[in-house]
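Think of it as A, B, C, D and E in the order they're written, each chain with its own count starting at 1.
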Amino acid sequence: MSDLTDLFIKLIPILPLLAAIANGLLGSRYSHEMAHRLAWGSVGLSFLCAISVFADILRTGTAHEVVAYQWIFGGDLTINLAYLVDPLTCVMLLVVTGVGFLIHVYSVGYMHGEPGFTRFFIYMNLFMVSMLLLVMGNNYVVLFIGWEGVGLCSYLLIGYYYDKVSAAKAATKAFVVNRIGDAGFLLAIFLIFVNFKTLDYTKVFAQVGQLSPEMATAIALCLLIGAVGKSAQLPLYTWLPDAMEGPTPVSALIHAATMVTAGVYMIVRNHVIFDLSPTAMEVVAFIGGGTALFAATIGLVQTDIKRVLAYSTVSQLGYMFLGCGIGAYTAAVFHLMTHAFFKALLFLSAGSVIHALSGEQDITKMGGLSKKIPWTYRLFLIGTIAIAGIPPLAGFWSKDEIMAHAFTHNHFLLYGIAAIGAFLTSFYMFRLTYLTFYGKSRLDHHTEAHVHESPLVMIGPLVALGFLSLVGGLLLGFPPEHGWLHQFLAPVVGSAGEHEVSTELVSTLMAVATSIAVIGWGLAHFMYQVSTPTANVWAEKFSGAYKTLLNKYYVDELYDAIIVEPIKRLGGLLDWFDRTVIDGLVRGVGQLTDWGSAGSTWVEKYIVYAGLNVIGYGNHLAAHEGRKVQSGMVHHYVALIVAGLFLLALVVQFFVQM
Amino acid sequence: MLEELTAGFPVLTCILFLPVLGAIVLWLFEDEDMVRTSALTITLLELALSVFVLLRFVPESAAMQFTERVRWIPALGISYHLGVDGISVLFVGLTAFLSVLVVIYSWDTIRHQVKLYMMCLLALETTTMGVFVSLDLILFFVFWELMLIPSYFLIKLWGGGAERHYAALKFVLYTLLGSVFMLVGIALLNINFHQWASLHHTDQSYSFDLLELLSAPIPMDQQILIFWLMFMGFAFKAPIFPFHTWLPDALMEGPIGMAVVLAGLKLGTFGFMRFSLPLLPDASQSDMVVTVVVVLGLCAILYGAWMALVQPDFRRLLAYSSISHLGFIVVGLFSLNYQGLQGSLLTMINLGFSTAGLFFIAGFLYSRQQSTQLSAFGGMAKQVPLLATFFLIIGLASIGLPGTNGFVGEFLILLGAFKAKWWFGAVAVLGVIFGAAYFLWYYERAMLGPVGKAVKQTMSDLQLREMVIAVSLSAMILWIGLYPSPFLRIMNGSVQALVDRLNHGTVAALGSSTTEKGR
Amino acid sequence: MVAVFFAYFALVSIAAGVLTVSLKNPVHCGLALLALLMHVSGLFVLLNAEFLWAVQVIVYAGAILVLYLFVLMLLNLKADERYFHASYPYFLGPALLGACYVIFLLIRSPYAGVKGDVPDAAVLEHGDTYAVGIKMFSDHLLQFEIIGVFLLGAIIGAIVLAKTPKSIDSMNGKE
Amino acid sequence: MGEYALLYILFAPFAGALALIMVSNRQPMLVRGIAASAAFVSLVASIYLFYAYDPVKGGFQFVQKFEWSRQLGISLHLGVDGIGTPLVLASSILLFTGIFVSWHIRDRAKEFYIWLLILAAATIGVFMSLDLFFLYFFYEMSVIPMYLLLGMWGSHTKRYLEMTDTEGLKQRDSVGFIFNFGSNSKEYAAMKLVLFLSAFAVAALMGILLIYKYAGLNTFDILVLREQAHLMNIPVLGTTLDKIIWVLVFFGFASIAPLWPLHSWSPVGHAAAPAATSMLHAGVLMKLGHFSIIRVAFEILPETTREMMPIAAVLCMFSIVYGGFVAFYAKDTKYVIGYSSSSHMGYVFLGMAALNYISLSGAIIYMFAHAMATGMLFAMAGWVYDQTHTRDLPSLGGLSNKMPFISGCFVVGCMASIGMPGTVNFIAEIMIIVGSWDKYPLQVIVAVLGIVLTMAYLFKMMRSLFYGPMNQQYSHAHDAVSTVDRLPLLVMIAVSVGFGIFPMHLYDVVRSGVDPLVARITHVVPVASEEGDRSTVKPEARADSSDTNPVSFSGDPPRRTPLVARGAE
Amino acid sequence: MVPLSAYVAVSAVLFMTGLLGVLIRRNFIIVLMSVEIMMNAANINLVAFSHYLESMAGQLTALFFIAVAAGEAAVGLAIIIVVFRGKVSTNVDEMNVLKW
């Protein structure tokens, strides 16, 4: 049985990979039918494998560690491509493959007729592979492979409509921002290796006790940078709203259900290290809380249906971080799961809406759709209620658990932040619902004529997700802190409830949370159903705040101004430096050679040559005069001979006398 | 059977001289197609021989294999000594592989003086091979210098740019300037050996042989001097920031084939690994050297990446990205630990696929648009999806995405650097971010978005020959990325030996008490 | 007695020499030269060199001088107006000074030398001609032969130079 | 031939010259044939000599001695050692190739060949003379034919030609004449060369005569003088005689080498000379200087040499850099090559100055190598000149399309000149560098920078000649296609590359000549190991002072010793 | 007894006279005649010394001198004739081709 499980574990990532390869190499040879069947079929099979593995784990309660092959090795470093399947992984596996499967199926309908149909499924399958590696890896490097792999696939899928400038830019932005996080993650990996001489989770966690608190803080913060990048937390969240340029199933799968939760998974996975560092935990919690509130406020005023959902995703991820930061790891994972259900549901429903409206995404141009696309409407509503945190739907249980944990563990400030965030969430989600499905239709006629309910292949997955959103919370997390999930995850994250709290307090907190959500709903109902002008009045009243929110606190502009532009400008400066100074030095040496040679030539011409020639010229002048002696007259010569003779005689006589 | 047949077969000599003999054969042909076919045949044969060497190479061993040694100038201790170990054997394969691709690439992109071009190319292959397989410093230097000649002509005669004469001369002079200093360094090594040998009354008085030089301890101050002299040679060739200015010029102005070889085969850093580190372990470990060189490497990483960010020309961008990658390699080398060295070595090989591959891509783009300027591109993915795909794959390898070869090398380098001093790694990691930024930004502007104005409407996607190049490169990239163990296994033994040598140093290892150890 | 002859021959030959140099008409010069030659031969007699005397008279006076006169007549030279060279005074003064100086030197020279093996008595015994002959054909035979060849060469040279050049004529195309 | 090899080598060209006198200029093939066969005989004999020379035995071999004047102690004493042998070979090769290079000379070809043969024969004579008188005799004899060769078959520079007659006259008679660099007539060049060299030769002659007189042995025989001449410690004019003699001999012969600043005759001479003459001139004539310094100063005055050679070490730097710079600037092909030659001779002086086995061997090999390299370059410059009738670099260009063979060979020539590995120049260069580092590190740095400079100007010239746009005026230029035209270049390339790859015998031969010489100068004798490997060097004085070592490091005090171990004093 | 110095003095005077003739006369033939005078002066010397030193060498040399003089006269006069044919003059001033 164990062998079979190992085989299944190995098969889980391979199946989508094979499908991707097949589609990639042969996709142009066969029909779209074949392509999408391969795609969702492989994911479905993976899902089945995951279930069987899950069953095995459930039965035996032991974690599986499977080595596929030795990957990088040499010296004291060995990195295997190996899988670790423990309960946490199992949960993630089920979510990833399950939701992934549903979304694949949905995509068949949604993407029907798109030009790059096969390409889409290749990317999706590759994404599944990467995501599975991410959650299944038994060491940090395999995690990192998946980590970067999902980033790449996210890049590819955001840039799916690559001929759109905004899509291309969003894709690049997503990748680069993620890379910043990845750099931090890499540093964390190095720190871990330097401290533990290994990168396997089990070995690292076994020796974690040796770690000094400072080092733990450093590792944890580096890990956090990675998580922040991937999970779109402050300050690296800006890529996620832009990522909505991708097709909607992508937004659902990657930017809501799975990839963005990788950060949470990573923190939970490394909770042992985080636990050693209260500072790091504080930071995680406040980043989470801050993001939850911050994103929620932006979500209040956005008009693009997918952007609202995107900000809500950011916000919900903030809750998960908050959960991690206060040690409520199970709650965080719980929220991760429920969020996967309802956010996928919401996105896919939104996709259905967009599909129905032939691509319209602006909610100010929608309205009154509840009659025209009833199924979509109903499912969307379920999702809204779930995210708003109204019992007994899924969102309530998980979110409430986090908030309760904060309260009971004396993080009152965080609790307050979370509560405000919950209120805002409820408000903007219902605002979204009202604007989309209620009131008068603001559609243009052309679009209105084509409004239609989505096909079964799209609605089917929606229904499944709707069901999960309805009951998922109750099934998994009831009663709070002691639900099935908590027991299942206990071997990994440890038991959360060290100090018992009274049921009264729990009940009170649940009631408070419910009422917050209901108030939010009520306000939305008032503003967008009862008294529609109120929203505009308020918007004008607080126009400064409104504009700030509408422009997302100008964060993108800020980043552009303080980071991107200076970098580009400095790049230009460096380019100038390279061309003038460094290259200039080289050219300068050449110039020096030129000058040297000119100088040497000058010396050669005016000193060496001229010096010699002066001697020659002096000779020449002397000869010019002296040659007059050579008159050509014989008697002159004779006279000279005679004179010479006399001279000789004189000389001889002189010497004789001496 | 095969082993019996091949025992004693001088395979390295064959590898070394096959291309140059081939070049002579080419001389006899007149027909251009015949020339191309023969060049391809020769390079393929060469590749086959190299693959044979790779297959027969005993991995996990530090020993020199396939050694051949003939006394050349015994009086000066110069010998014709060939051999490969884990450090160099991969380069042999890489050189042969790239040569095949370059010939394929040049098939229809080089239209004039085809014969001469192919001859130069083959000559270049021989000299490059020579650099990798020489175990005698003079022999090494011979090939090192001879390489300049075909390079010069390749850049000068077949370059595309208007400044190609300048670029060719700059390249050659720059490299020569470094190498003459290296020559002095080599001479000093020899003198040192002589000194040592005459004190110990050994038979061989002079030697340029790497293996013999390794046995002689070198005083610390002398080591430092020799190190910097050799550094000049290798750093100029590599090129290491700030000695890089010839590279953008040469790559911009030269033909793609030359650029592939220049950027793909990291001779300078190979030199460090082959000669500087083992011969001068104490100098290489001295604080000053490590700090200076690594800081230069770090500067190169950031500077190159930063420069690449703002380059509108793809080839210039690649040149700076090369500089950035070389920074990684240098940092890895001078981390002086196992991961750093291994990573550097692997990265050198990787760049042979990724950077060279990007140059091929640049060539593909050039042959379509007659330019590699950004202004000539925009939204090309619409028209040449395959090209865009391979562009992306190779590009991602160059920025070190996991799953591609780039990651394995870069990861090891960073790990090694971090192990050596944490801030080495911390600074180098920034290069990872910039790498993604400059590549993706360029890719976005060139390939994505709406179709650019300057882009020709009738543009064909990859031809068969281009497909062959792109697919084979991508295959190698993914192979090393996903299953690098054959490569790692080959290099492990030698890297381990190198690390051991660095740990012990020459002086201590040989038990000489005359000089102090470096640190 | 000898001194008187000596004085006569010496003075006349000097005078003839001066005339030779200074006369205007070349033929007169030739005649003065003849006088000089004759008187020099007389000096030879005083020195017991009878053979030389004969040679002097025959060769110089008889042959060479006649040759000069023939040439003079052949060329039919008239006397020039300015037969002295323009820079005559510049030469004359220093030359005379130099001459005096040389003569002064010569007169006060001791003239010591190794005595030969042919004293006057020996010459007078058989006569000068005999002595010359013996010496010439014993010790100085080679020089004698050389002189012979030299004379032959001179003759041929003179003929070659002086004969009418045919090639030039043919070049001119006439005669 | 055997023991008479030297006579064949020396007298074959003379005999050829004599035979040429007999034939008429109207039979050009006969003329060329005679010249070529004389050169060929000499070449074959030289090759035989080179390979028959026994480096193990060493010393002077193939010795021939003919008494010439017993009273004066002069005899025609011929013999070669390891230093002379390669130079004789180089001379023969250059003569042989030179004949073919000048194959197309029409104007008074016979006379040209006669003088060329005499020039080469005289040069060869110097290399094999073991008698100071005949050394000087041949030395002067080699200078005189240059006058005629330059004056009659030479060429004016372009700038000179551009001047009209009156201007030319004016130039000749005015101050302009003094600054005539770059615009010389061939007559000027010939005159300058001969006068300059003769003037300095007289200095050398004075040195030789002083040796003769003060040695008091009544002999000019070098072998006797070097054993028995004791010229030191004779005080003259406030110094010792040997120093005066050394200076006279050194500078007298260094003028032809040419050592900076005595070089100015040489580029002009090269530029004006016809190709074959330039080849012989730059290839071997200049080496007469180094050779004679070695023969006379090194052999007879070893102690003084050791003291005085630093002069050369200083001047050689100037030679290298200055020559390189001027070559970089020059606009005339032959000026470039000429100055490059004078720059490269600096390397030889550096090798000589360091005075140890390696560097001095390097210097000798460098002479041989440079002969081949510069011979090639001059031959090809001559070819280009014949085709285009100009040597003006700016007006040339793009000729590689017209003359692929020449341009290809030119590349090889340039590479050889630079000292690219694979050519024998490289071997020489590396030996000089290896040998000189200990004593003259600064000079070595200058020298290696000089290599870069060399590359710069040679590549610049190559580019201006063969690449870039072509001047249509020269479209009629054609390549060397016939065997006769290609043969000389191929021969020189083969020699250069052949010895570059297989330098063993050359090295052995040179080493056998250098070893005893250096031993005499430095008092360190080589001890051959059991295999006859003469590279092992052991200090003679090891027993006296344990720290004596021929090679030393800087900064390593216990082992620090000068490269040249001083004598006993 | 006439002293040797008397002969020598006579010879010197004659020689000077001839020399003057060579120097100052313009007619080529007269110049040649002056040369003859100088030769005779030399002959006197030779014979005188021969006599006083009791050696025949002087006389013999004088004899050869006479022969040489004959040859000289013949060749010289021939040259004069040749020159005269060209220039119709025997004026030495006009014969200055030795001048460079």
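Some observations on this one:
Heads up, the rule we're going with is that contacts are C-beta pairs under 8 Å (C-beta built on N, C-alpha and C of every residue); 3 or more make two chains touch, one makes a residue touch a chain.
Keep in mind that this is a model prediction, so the values were computed, not measured.
The minimum number of touch steps linking subunit D to subunit E comes to 2. Considering the contact criterion stated above, the chains in touch with subunit C and with subunit D alike are A.
Considering the contact criterion stated above, the chains in touch with subunit A and with subunit D alike are B. Counting C-beta pairs in contact, the pair that comes out ahead of the other among C-E and A-B is C-E. The chain with its CA mean position farthest from that of subunit B is C. Chain centres computed from CA atoms place A at the largest separation from subunit E. The distance from the centre of subunit A to the centre of subunit E, each centre being the mean of the chain's C-alpha atoms, comes to 124 Å.
Centroids built from CA atoms put subunit C at 129 Å from subunit A. Chain centres here are Cα means. That of subunit B falls 96 Å from that of subunit E. Chain centres here are Cα means. That of subunit B falls 100 Å from that of subunit C.
Within subunit C, the positions touching two or more other chains are listed as 85, 91, 95, 98, 102.
Shown for subunit E are the residues in touch with two or more other chains, namely 19, 23-24, 93. Residues of subunit A in contact with two or more other chains: 635, 639, 642.
Pairwise, the chains that touch each other are A-B, A-C, A-D, A-E, B-D, C-E.
Subunit B contributes residues 170, 174, 242, 244-246, 303, 306-307, 309-311, 337-339, 342, 379, 381-382, 396, 401-403, 407-408, 411-412, 414-415, 418-419, 422, 425-426, 429-430, 432-433, 436-437, 440-441, 443-444, 447-451, 483-485, 488, 491-492, 495-496, 499 to its touches with subunit A in the complex. Interface of subunit B with subunit D (complex): residues 72-77, 138, 141-146, 148-149, 152-153, 156-157, 165, 169, 172-173, 176-177, 180-181, 183-184, 187-188, 190-192, 194-195, 198-199, 203, 205-206, 219, 221-222, 514-515. If you check the complex, the residues on subunit C that touch subunit E are 2-3, 6, 10, 13-14, 17-18, 20-21, 26, 29-30, 33, 36-37, 40, 43-44, 46-49, 51-52, 55-56, 59-60, 63-64, 67-68, 71-72, 74-75, 77, 80, 82-85, 88, 91-92, 95-96, 98-99, 102-103, 106-107, 109, 111, 113-120, 128, 131-132, 135-136, 140, 143-144, 147, 150-151, 153-155, 157-159, 161-162.
Here subunit E touches subunit C in the complex through residues 1-2, 4-10, 12-14, 16-21, 23-27, 29-30, 32-34, 36-37, 40, 43-44, 47-57, 59-60, 62-64, 66-75, 77-82, 84, 90-91, 93, going by the rule given at the top. Residue ranges on subunit A touching subunit B, taken from their complex, read 69-77, 141, 144-145, 147-149, 152, 155, 159, 162-165, 167-169, 171-172, 175-176, 179-180, 182-183, 186-187, 189-191, 193-194, 567-568, 570-572, 574-575, 578, 582-583, 586.
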